[in-house]
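Got some structures for you, see below.
In the two complexes below, chain A is the common chain; its partner is chain B in one and chain C in the other.
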Partner chain A sequence: MRYALKRLVQSVLTVFVVVSASFGLVRLLPGGPLDYLRAQAIQQGGSDLSVTEINRRIAAQTNIAVEEPLYVQYLEYMGAIFRGDFGRSIWYEAPVTEIIGPAIPWTVFLTGSALFLAFTVGVSLGAFMAYREGSRFDVASTGIGLVLNSTPGYVVGLLFVAFLGYRLELFPTGGRYASALTPGFSLPFLTSVLHHGALPILSMAVVGFGGWALSMRGNAVRVLGEDYLRSARLRGLSTRRIAMRYVARNAILPMYTGLMIAIGTVFGGAVIIENIFAYPGIGFYLIQAINARDYPLMMGGFILITVAMVIGITIADLTYGWLDPRAKGGDARESY
Partner chain B sequence: MGGLTPARKEVTHVSPTEIPDEADDASTEAVESEPSVNNEARSAITGHAHTGRTPADGSAVSAFEQVAHVSMTEGERRRQWFEERVLAPARIVWNDWRARTGFIIVVSYLLMGTVGTVLVTAPQPNQGELLIGAFRTLEFPLGTTASGTSILSQLVYATPSMLIMIGSGAVFTVALGTAVGTLAGYKGGRLDSVLMTITDIMMTIPGLPLTIVLATVLQIKGNPAVIGILITINAWAGLGRAIRSQALTLRDAEYVEASRIMGMKTPTILWGDIIPNLMPYITMSFVQQARAVIFGSVGLYFLGVLPYSSINWGVMMNAAVNRAGATSSPAALHWLLLPMLTIIVLALGLTLLAQGADRIFNPRVRARHAKTIGDGEDDEPDDPTTTTTTGGF
Partner chain C sequence: MTNQTTQRRPQQLEDSDVQQARNDTPNAIVAVRNGSVTYDLENRDAMVLDDVSIDLKRGEILGVVGESGSGKSMLANAMMDAVEEPGITTGSVRYYPESDGNPVNVLELSRGELQSVRWEEISMVFQGALSSFNPTMDIRGHFEETLTAHDYDVEAGMKRARQLLSDLHLDPDRILESYAHELSGGMSQRALIALSLILEPTVLLMDEPTAALDLLMQRSILSLLDDIKEKYELSILFITHDLPLVAGLADRLAILYAFEIAEVGPSEEIIGNSHHPYTRALLKAVPTLETPPASMEPIEGTAPNPAHTPAGCHYAPRCPLATDACRTETPPWDDVNPGHRTACFHPEKVPEAIRFDGGENGS
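Right, the complex of A and B next:
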């Protein structure tokens, strides 16, 4: 319980640090976003715009009231963010929450499915490779795994778009679902979602599973040589029990930290993949915002993508404590 | 994880019964010319007033009195150092096909970035016809872009800045990750928890979005070294955590404890006792970080969100897709595929090299290949590669 509490506090702290940093980036940099927004407001409104009017506009866009003392600005900014108010997008002329809010589930759908697919396929493949160690299948899969592990996801995505999207016209090359359909739990809608999501998910999963397979193979080969496995066999335990409780559990455990880093890379990778497939998720809007110099949308997108990732990692971390009881015990070590 | 056995001790140990023949004459000369300090120290400790050395047959000498009866001349020492540090690793690299392939690939990219720019003419618009396909003409072996620039020369001229970027990013990550990881793991206590809290926070911020935001807000210029650091801005955190857990296993080793009791300063212990033993892991991480820099930078250049001062593989992909519609039109496809292939081959070379690095630092493999250091211990017929590769997306 203490472990879970500590993790939760740390997650909240992370979000707090990121939001504070974003305030610092927007507010404190000379020649930074705030100056840019002011210059733009003057350009748009002409010379008859009063200073208070400009400040009012900037406050509406960024939640930063420039005329207040710095600490008040900071508190108001933090308050607004935690109420869910991320300011107003300049490009879309709408509240940032309205634009990015609906995009979050789609990004989570892409990254979650890709991660799940890569992990399960990779682990099963790796276990099978370890079981048939030294066979032709093992050698061939190791080679393929190495090549896939050396390929960035966006390369696969671009190849998918070029060949499966444009050349063979098997898959759509953009969007989240066919525009004629209304969202809801209907079969045509769900198939359309899968059809549109298939290529982005696959291009992230294909490059991921090679790495998982290789590390699972290594771990499983190591576990297969352990003494406790021999005593388990001598005790006459069923093969299934040995495979699941002894080999799988002990081989997967060391890969769990890798999973946390993978959550980070998959969220980063999604930014590029969403743009290749014109898939309106958070990453898509983040790049749109940068190209349009839409700072409120950019910071909102960045904060929300971080929050999504923090939640993912916290869940992974809490389940780790459940998988590996040793992690729960606090570490009492002497300090030097 | 890579061999955590204290590598240094095993390799430099010269067993008294296995002296190479030619060393014998040299050693007697050396003894005569400068009486060994070791000998005096020994008589002081044991109380025996031995003036000569123990005879070569080594009979009836207690373990405390035994001294290595070879003292090497400077030249020999240098030769042995060369053998251990340069020749043995080189032999290992050459005997393992994976390490060999990786090494050849990486060296040829290094050559491409240095010599290549001298041999190939610089890329310019309208060097030839527009959008010549790959492998059609001898003048433009890899074809041309939509503005008639030779793709080969673009690929070659992009290499130096990519190499600088990769180098600076990998050095930054590995240096910071190692410093934080070893310090936290060795010191423990409050320093450990403070450093690890910072590390965990950095780890949970998505790297590429952070890079994009920082590059936009800070208005970085296109200096490749700065971009390299920016790409790996929080990659040190993951590495630091991994190195900390390895340092934890070493902090209570006897020789570390001995250094601590002797009152050595923390940096000395970290540098002398902890880091050498983590070198295999650190080298592997360096290569993996290099790969991460390539993936990240090319991806972001492809999106067009990073500033650049010279041509670049990601910028080429961006131009191919946005200016010539390479994904939808077959005529421009080679313009997109060639930079992709360049990246994949380099990344593959780095991955293979990382696996080779694992073998170089494995003391068993190395002792087998260093011929002048005696026979070494029992050789394992084929060491399983301990390189762990986690899912890279």
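Right, the complex of A and C next:
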């Protein structure tokens, strides 16, 4: 319990540091966002805008009150962020939360499905490779896995969009669903969502499963050679129980932390893919914000992505001991 | 994947005449005849157990002593047809469930029949108890899954498990809740012994069960073993490389050298009246408190490689008494005394040629 508390405090601290860093980046970088916003305000409003008025506008956009002393600015900024106020997007002229919020489920849909596909296919394939260790199937799969694992997702994405999207016109090349449809739990809408999401999901899954397969293969080969497996067979356990409770459990366990970190990337994992497929998710808005120098939106995106990662790793750390008794905290159990 | 599918050559020994076999092996519970284990290598066979015939008698502790790689574990594995692929087990292993009943030919059993012999009749304790438990399952889980897999009543079985654990001086509640990594070496080894006895077997094959333990723990497990054997009416095959360790425990000893049995007989006979050059050399190499280190003599040379075992007596290349016959022909059994046999061409010369003032080494 003490470990869990310590770990949670650590995570909160990490988030705190990340948000502070985003304040520092915006406030302190020379030629940074504040100067840019100021120049923009002067350009828009001409010379008749007073300095106070410009500062007021900047404060509204960024939560940073430029006139106040640095520590007051910092406190106000932090306060706003932790109240959930991420400022207003310059480009969209709307609160950042209103732009990012609705994008979250779409991005999670893409990255989550891709991760699920890659993980299940990878683990099953890896286990199969381990059982057939050294066979032609194993060698071929290892090769394919290595190649795919070293291919960047955007290369596959570009190929998909070029051939399956533009050339063959089998899949749409942009958007989350056909614009004529109204969102809801209707079959045409859900089909359209899947149709639009298929290529982005596949391009991420295709480059992802190889890595899972290779680590699963390695772990399973190791477990298959363990003494406890031989002992389990001699004790007459069923093949099914040995496969699930002995091989799968002990082989997947070391991959659990990796999986949680991967889950932590659900918000930030599709930045380039979303742009290739013009899919309005978090990554899509993030690139838009970067191109448009929309600092509040950018910062909102960054904070969201980092916080998701911190949460993923925290969950991994807190639950690992529950899955693997060997990793339980020192005070959790008595060893004798 | 499974051991059951291990290929077999046609049996060398015809055991249609069960009575004949019965006569050969009075009071035996497991009788191994011409047991061999080979591994097909690229260009030649590697023989890791070479034509071994031995009986485990009902109610005895038979110590099998040999150096690393002499085929000790293979003998135990062959006894429950558990040689891992691609090893090939030949010969015959007969198990007598009742002292006057018909034997079960272990190597000829189907997969299902083998399942009901292994662990239920013939069980095994492995070296390295820690690695014999699933690291992510508590000890209770191991007992329960074994009972379930053999269709035993789990509740009654767990009662027995608790009894076994406390007979082995363990606290059942603590042990059952624990994971293997939470137990000390001695505790996990004892828990493994309890697990091997959970299905009430009659034969226990112990493959270097104390090799990973310190001397005190070795001794205490050995003395526990004696009690357990009496209480649960077990016949035990105890494999070790540590001759003095097992000499005090075992009723009989079998000395294995280079995949075949060199000498077999009652423990006192083997220790005090050995008629095989290897056994005597082995006894001379054992350090004791009484003998000065200078009188200890290592055995010159090295044990043969399984793919290049010498013709004739396997020990001949290292034996000071070796003659031409030793190098070309397999030595016959020579009965030194009733129940004490040595595989040597000239056993009568041995005590003179290799002297040692032992006899009390083993206790």
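Convention: the second predicted complex is superposed on the first by the 302 of 336 C-alpha atoms of A that agree within 3 Å, B and C clash if a C-alpha of one lies under 4 Å from a C-alpha of the other, contacts with A are read in each partner's own complex, and residues count from 1 in each chain.
The rule is short, and it goes like this: a contact is a pair of C-beta atoms (placed from the backbone, for glycine too) under 8 Å apart; a residue touches a chain by one contact, two chains touch by 3 or more.
These numbers were taken from a predicted model, which means no experiment stands behind them.
Sticking to the clash and touch definitions up top, decide whether chain B and chain C on chain A clash or fit.
In the arrangement built by aligning on chain A, the partners chain C and chain B fit side by side.
Taking the superposition as given, does A:59 touch the first partner, chain B, the second, chain C, both, or neither?
It touches nothing on chain B or chain C.
With both complexes superposed on chain A, which partner does A:237 reach: first (chain B), second (chain C), both or neither?
In the superposition, A:237 contacts chain C only.
In the three-chain superposition, say which chain, chain B or chain C, touches more residues of chain A.
In the superposed model, B touches more residues of chain A.
Between chain B (first) and chain C (second), which, if any, makes contact with A:245: first, second, both or neither?
Only chain C is touched by A:245; chain B is not.
Touch check for A:304: first (chain B), second (chain C), both, or neither?
Neither: A:304 stays clear of chain B and chain C.
Could you tell me if A:227 is touching chain B, chain C, both of them or neither one (first, second, both, neither)?
A:227 contacts chain C only, not chain B.
May I ask you to decide whether A:286 touches chain B, chain C, both, or neither, giving the answer as first, second, both or neither?
It touches chain B, and chain C stays clear.
Considering only the touch criterion stated at the top, classify A:118 as touching first (chain B), second (chain C), both, or neither.
Touch partner of A:118: chain B, not chain C.
Centred on chain A, what angle do chain B and chain C make, from Cα centres, as a multiple of 10°?
Computed angle, apex chain A: 60 degrees.
What is the minimum C-alpha distance, in Å, between chain B and chain C after the two complexes are superposed on chain A?
Shortest inter-chain C-alpha distance (chain B to chain C): 12 Å.
Counting contacts the way the document defines them, which residues of chain A are shared by the two interfaces, the one with chain B and the one with chain C?
The overlap between the chain B and chain C interfaces on chain A comprises residues 333-336.
Looking at the complex, which residues from chain C come into contact with chain A?
So the residues of chain C in touch with chain A come to 1-3, 80, 82, 84, 115, 118-119, 124, 126, 128, 131-138, 145-146, 149-150, 174, 178-179, 181-184, 187, 195.
Can you tell me which positions in chain A touch chain B when the two form their complex?
10-11, 13-14, 17-18, 22, 25-26, 29, 31-33, 114, 118-119, 122, 146-147, 149-155, 158-159, 161-162, 165-167, 173, 204, 207-212, 214-215, 218-219, 221, 254-255, 257-262, 264-269, 271-272, 275, 283, 286-287, 290-291, 293, 295, 298-299, 301-302, 305-306, 309-310, 313, 333-336
Could you list, by residue number, the parts of chain B that touch chain A in their complex?
186-192, 197, 200-201, 203-210, 212-214, 216-219, 238, 241-242, 248, 251, 260, 266, 291, 294-296, 298-300, 302-305, 317, 321, 326-328, 330, 333, 336, 340, 343-344, 347-348, 350-352, 384-393
Going by the contact rule set out above, which residues of chain A touch chain C in the complex?
Touch residues, chain A against chain C: 131, 226-228, 230-239, 241, 245-246, 249-250, 253, 323-326, 333-336.
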